[in-house]
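Several structures are given next for inspection.
The same subunit A turns up in both complexes below, where it pairs with subunit B and then with subunit C.
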Partner chain A sequence: MSNEHVTEPEVNETQNVSPLDDFDTAETVSTAPVSDDSILDFDDDPLSATSVSKKSLVIFFLIDTSGSMKGKKMGELNTVMEELIPEIRRVGEADTEVKVAVLTFSTEVRWMYSTPIPIEDFEWARLRASGVTSMGAAFKELNHRMSRNSFLNSPSLSFAPVIFLMTDGYPSDDYKEGLRELQTNSWYKFGLKAALGIGQEANDNILAEFTGSKDTVVHAYSGGQLAQMIKIIAVTSSQIGSKSMTLSDDTNHELGEEDVFAAKQKLLGQQIQELVSTQTDGDDVPFDTGW
Partner chain B sequence: MIMFNGFSHSVMGASHEKTNLVCQDSSAFKVGDHYAVAVVADGHGSKKHFRSHLGSKFAVEATIEAIDRFYEDREALEANLPTNHKLIIKNIEKQIISNWNMKVEKHLAENPVTDEEKSKFTPEEFEAIPPESYYGSTLVAGITGDNYTFGVQIGDGSFVAIFEDGRAVMPMEYNESAPANVTASVCNSNAASMFSSFYAPNRKLIAMYGSTDGLYTSFGSEHDFLDYHTIITSQLVNLDTFKEIIKNNLTKRSRFGTEDDISLSCIYNENLLKDRIDLVNKRVTENKKAAAERKAAMLEKKV
Partner chain C sequence: MIELEIGQEVEMEFGGKAKVLSVIGSGGQGIVYLVRFNGQKWALKWYDINKMAKPAAFRKNLQNNINDGPPSNKFLWPKYLTKEAEDGTFGYIMELKPDGFDSFVDILNTYKLEIDPLTGRAVKRPVKFNTLGAMVTCVINIVNAFRQLHRAGKSYQDLNDGGFFINVNTGAVLVCDCDNIAPDGSNFGIGGKPGYMAPEIVRGIAQPNVQTDKYSLAVVLFKLLFRGDPMEGEKVVRDVCLTESSELKHYGQNAVFVYDPNDDSNRPVRGIHDNIIKFWRIYPDYIKDAFIRSFTTGITDPSKRIIENEWQKLFIRLRSEIIQCGCGRTNFSSMFIHQNEKTFKCPKCGMEFVTIGFSNRDYRTPLYLGCKFYSCEIIPESDDFSAVAGELVENKLKPGVLGIKNCSDRQWKAKMPDGVFYDIAPGKGFPVWQGLEIDFGEVKAQI
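On to the complex of A and B.
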């Protein structure tokens, strides 16, 4: 509460209502007791028809499905994403309901489902690649949907979203204009953002413009690395994103929500960089030579 | 003769149990002569609002006292409402804040801040906190008469109303909220101007509910939230036996949902409910079917 000050409240005593002296009321006043929580007998509960929702988090995947992704890149990405779903499910098992929304962009932008899907119900639809890289249009569509009136309309939504961009090339449209629109969105501002460049053509500077920091941008040059990086980013960002960080620091000073989100984004960058540095290249065949 | 009835209940959130906080919510209802009031309040519960469990109690009491005062001349009030509802509601809001501030001042005078309460702050930090803030709380209050309903709200929380057609609606217009929104509070210096309100004239109310945000956030969708209130309404004809089920359900929602405190307060028109119970039951069945259709549509792949 930044706008609290002590003042004498003003009460307008000149109502349009005149007091009635001999008013006869037969009234009942009841103040609610606080439950002792001792008995949880839910057997005959007609209210169980509406399920209880845990704190929820939406993970947005923005995936480049342009023609240059065709072949091994897209094949590997489909396989990794199918494998990833159970891992993300485990992240949410404790006390967070994770929902997933997948936006693909090529010549057109398309959502995999018409709304974010709870991870328990989510099934990956294998993607195909063709067309150009309309990244700016994807940013605009994301901006449009990241709203309480659209994809973020769940009452149980408790955390800022995770937004994960994957691309292998340079945008073919005006991505800066789309990004400018997206940057005005509060959910984007407070969301955890990470990006993965696939192969030599992906431009890390553009990806850093999207995430706001080079620490949250990683690069995969082979199928093995792609699998590793997607898992690192998706799992780490979901874990951090669904963490209830206290609004106070080590010295017990209260922090603003903006500070908490900034701390989460910083933590994500640190953890991604630590995990990436421990990965091995192995005998993987690079996308741009072998594939 | 209209017969209003009601219930209210508050449960403590699991997160507050873990941190040894007392329940920050308060709730109450009141049935008067030809009117009824449902109130809930949610104390902020953060560090500087260290007496907000009392602040929410004062907010509930302040509201009922303010409404009682305005209904001392019910006939005049109801005669003026259709043309002057904005001014009357504004005056009620001012009265509530005035009552709340008086309660806070009285409590603080009788119970000065203890050394233990101060110990959590540096002297500079403590000096910077306005005394009203110790007691900061939200407030949601709904009032109904023979053929009109209105509500006032400051901070988070929700109203659900079920009028004659048996459909559950949220009569207050809620604005887009984003992660860093600041919650309005009865302790704000300009609190009286921070209220939102609604007025629904010429409509008979079957039931109205006010709830703190712990209830709303325990639902995955707004449809489910509204359907929940329709189900409750369908069971109000057996309130005595249903009361325990509601209490248990609120406890379950707090424990397995967002772990926040939850308060729900309800007022309803017993005669109209009896008259429209078949319609309400029909809505419950319709809602269940619509929920199944929504789920099937949600799981349809688009690529």
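On to the complex of A and C.
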């Protein structure tokens, strides 16, 4: 029989090669081998298999729920987010398990659920607006949770997360301090960052500080635009985030690390700008008028 | 015009209009719609030409493919082009996926999501092959489809798990997304899907061609049989986060097969890659060796990659080595006890299976009630792997007596216990016995 062909994987439990950069990964490859050496003592049904191992992608939504979001903005946002979930479900295909985590910030900072939820099971809990805009606190909380010991604890491989910030106003706390903390986080560094400013008050420069470039910042001035922009950013970023690098067309030389560094973030910027330029919805009444 | 509206009419190149009914799905290059054209329902793929490098050349290539027609009926081939819209956008229509086919992605996931129309909730429905025979037949069909395509001088370019529909009951295969197919040597901008792309494409030093198709085909076959990624093992998982540079490293510059016999740095990890660990124990050596070759020497030397004809022979052999035991256990002969040179034994119930040796193979084939052999196995010039030539059956008039029925259209000769060869006409049969010899013409067989 084929006893002699059985190859047991050698998984080294103790050795820990320093992983790429500083993703906090002390216990990365620590799955204990189960002892099943007897050839007939394992499920040898060639038709029974589990799903292929998937890479994990967490999409973080950081949503401003301060008092100024009250009314039409929040109503629009809640509706779009409900509609968005089924659209994101499709992007994972067989390779990626997509999860969603929603962090809201007003006077307080709060997660919608205590852990990222698989997109198949995710249900949007309608948000309400009140209080001030503690964006710095939100950045600190995000930094705290974007860790192998917390929200990014998938035992298998992960893609860098998608982080999508939506706000309509100027931070009421020291956002710079929060951002400085966040910027030390490797998941943030490699993550796909995009931001949406809602209405006149939102400051695109602050948003660009958060995303690292102006390309991934867009602005919505009306309800129709808000819906469009949220969809464009969320769908595009989760598509790019869940697919890994794609080849550029005009490469005539062997790619090096510098060629691919932040390739996804750049691609996201390009695609967002392309899509935004084709969608102009001027007929809507701006958020900030008619109050 | 990136997106079409429901109800919108799109003009076809040679007249008539296709009316958009609903969205079927979206991909990297565009969106697929359900449309009505000439009283029939079709799928319309509508391109986002902003994402195309050379839309005019792409359209011309599509036109050529439509004119050439599909290499075989295993392809959901582009049928008609639309007119170009004012802004240059266009699309093509193709036949719809027939009922009874599931996507390869669903098979890899082991389920598909169906939306309950009342609640809007997603419900999981299991998707798996019904029989081992259907699964191996599916593999043979995939390999054969690409053999036909490559023989026509074309390459698929973007071979990945999204490219197939599969009937899990029969193993029938339909190759879809045929719009990037191009003459070998040309490329209209598609790179491929990560994980399926040949390392030289990932590294940026080659464009898709027939040789890179062969690499991608090996990945598809590996995923189907071993249910995992051939390059994702310990080495890759240690990176925790698959950034662009780790992708370049693990799938391009330093791709290491999880079961590379000379490099154990990237073995599958228990708890994450359990499928691969399990199936590596099940498949026979000649299958594993073919994957080892594809993913070791085949990484750096594209000419060492397994050619489709070779895969086809290996999987036809694998199909002939499936044993269905009376106790219900169905597996490859590699998972039965090799009792002696000529007999296999079921490790579960102890039932023994005699084998038959064909003059055109250097391995013996197990016999069991219901086992079949095919035209290509007994006629040297035949490439027909789906026409049943013979089957092991029970004599309807003498219950308990097993024999081989001639299901082919040729006359055979078989040696009976009296030592004499008798003619066996199509539709007739003969008993299986210790000294049985069969003369199929050029190919002979012996118990």
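The rule we apply is simple: the second predicted complex is superposed on the first by the 216 of 291 C-alpha atoms of A that agree within 3 Å, B and C clash if a C-alpha of one lies under 4 Å from a C-alpha of the other, contacts with A are read in each partner's own complex, and residues count from 1 in each chain.
Here is the rule we use: a contact is a pair of C-beta atoms (placed from the backbone, for glycine too) under 8 Å apart; a residue touches a chain by one contact, two chains touch by 3 or more.
For clarity, every value in this text was computed on a predicted model and none was experimentally measured.
Within the superposed three-chain model, A:N153 lies in touch with subunit B and out of touch with subunit C [touch as defined at top]. In the superposition on chain A, contact of A:R89 is made with subunit C only, not with subunit B. When the two complexes are overlaid on their common chain A, residue A:M112 makes contact with subunit B while staying clear of subunit C.
By the touch criterion defined above, A:A49 reaches both subunit B and subunit C. By the document's definition of touching, of the two partners only subunit C reaches A:A262; subunit B does not. Of the two partner chains placed by superposition, A:K70 touches none, neither subunit B nor subunit C. Touch criterion met: A:E274 reaches subunit C, while subunit B stays clear of it. Within subunit A, the residues touching subunit B in one complex and subunit C in the other are 1-2, 5-7, 9-12, 17, 19-20, 23, 25, 28-29, 31-34, 39-40, 42, 44-53, 55, 95, 148, 155-156, 158, 160, 186-187, 190, 247-248, 253-254, 257, 261. On subunit A, the positions that touch subunit C within their shared complex are 1-2, 5-7, 9-12, 17, 19-21, 23, 25, 28-29, 31-34, 39-40, 42-53, 55, 86, 89-90, 93-95, 120, 148, 155-160, 186-187, 190, 243-249, 251, 253-255, 257, 259-264, 274, 278. Taken together, the subunit A residues at the contact with subunit B in this complex read 1-12, 15-20, 23-35, 37, 39-42, 44-56, 95, 97, 102, 104, 110-115, 117-118, 121, 123, 125, 127, 147-149, 153-156, 158, 160, 186-187, 190, 247-248, 252-254, 256-258, 261. Taken in their complex, subunit C has these residues touching subunit A: 2, 25-26, 28, 50, 53, 104-105, 108-111, 113, 115, 120, 122, 124, 128-129, 131-132, 135, 161-162, 189, 191-195, 197, 201-205, 223, 227-229, 232-234, 236-248, 252, 259, 264, 267-275, 277-282, 284-285, 288, 330-332, 334-338, 347-348.
Subunit B meets subunit A in the complex at residues 6-12, 23, 25-33, 44, 46-48, 60, 64, 70, 72-77, 80, 84, 87-88, 90-91, 94-95, 97-98, 101, 120, 125, 130-133, 136, 176-180, 182-183, 185, 187-192, 216-222, 224-225, 227-228, 231-232, 234-235, 245-253, 255-259, 263, 265, 288, 297-303.
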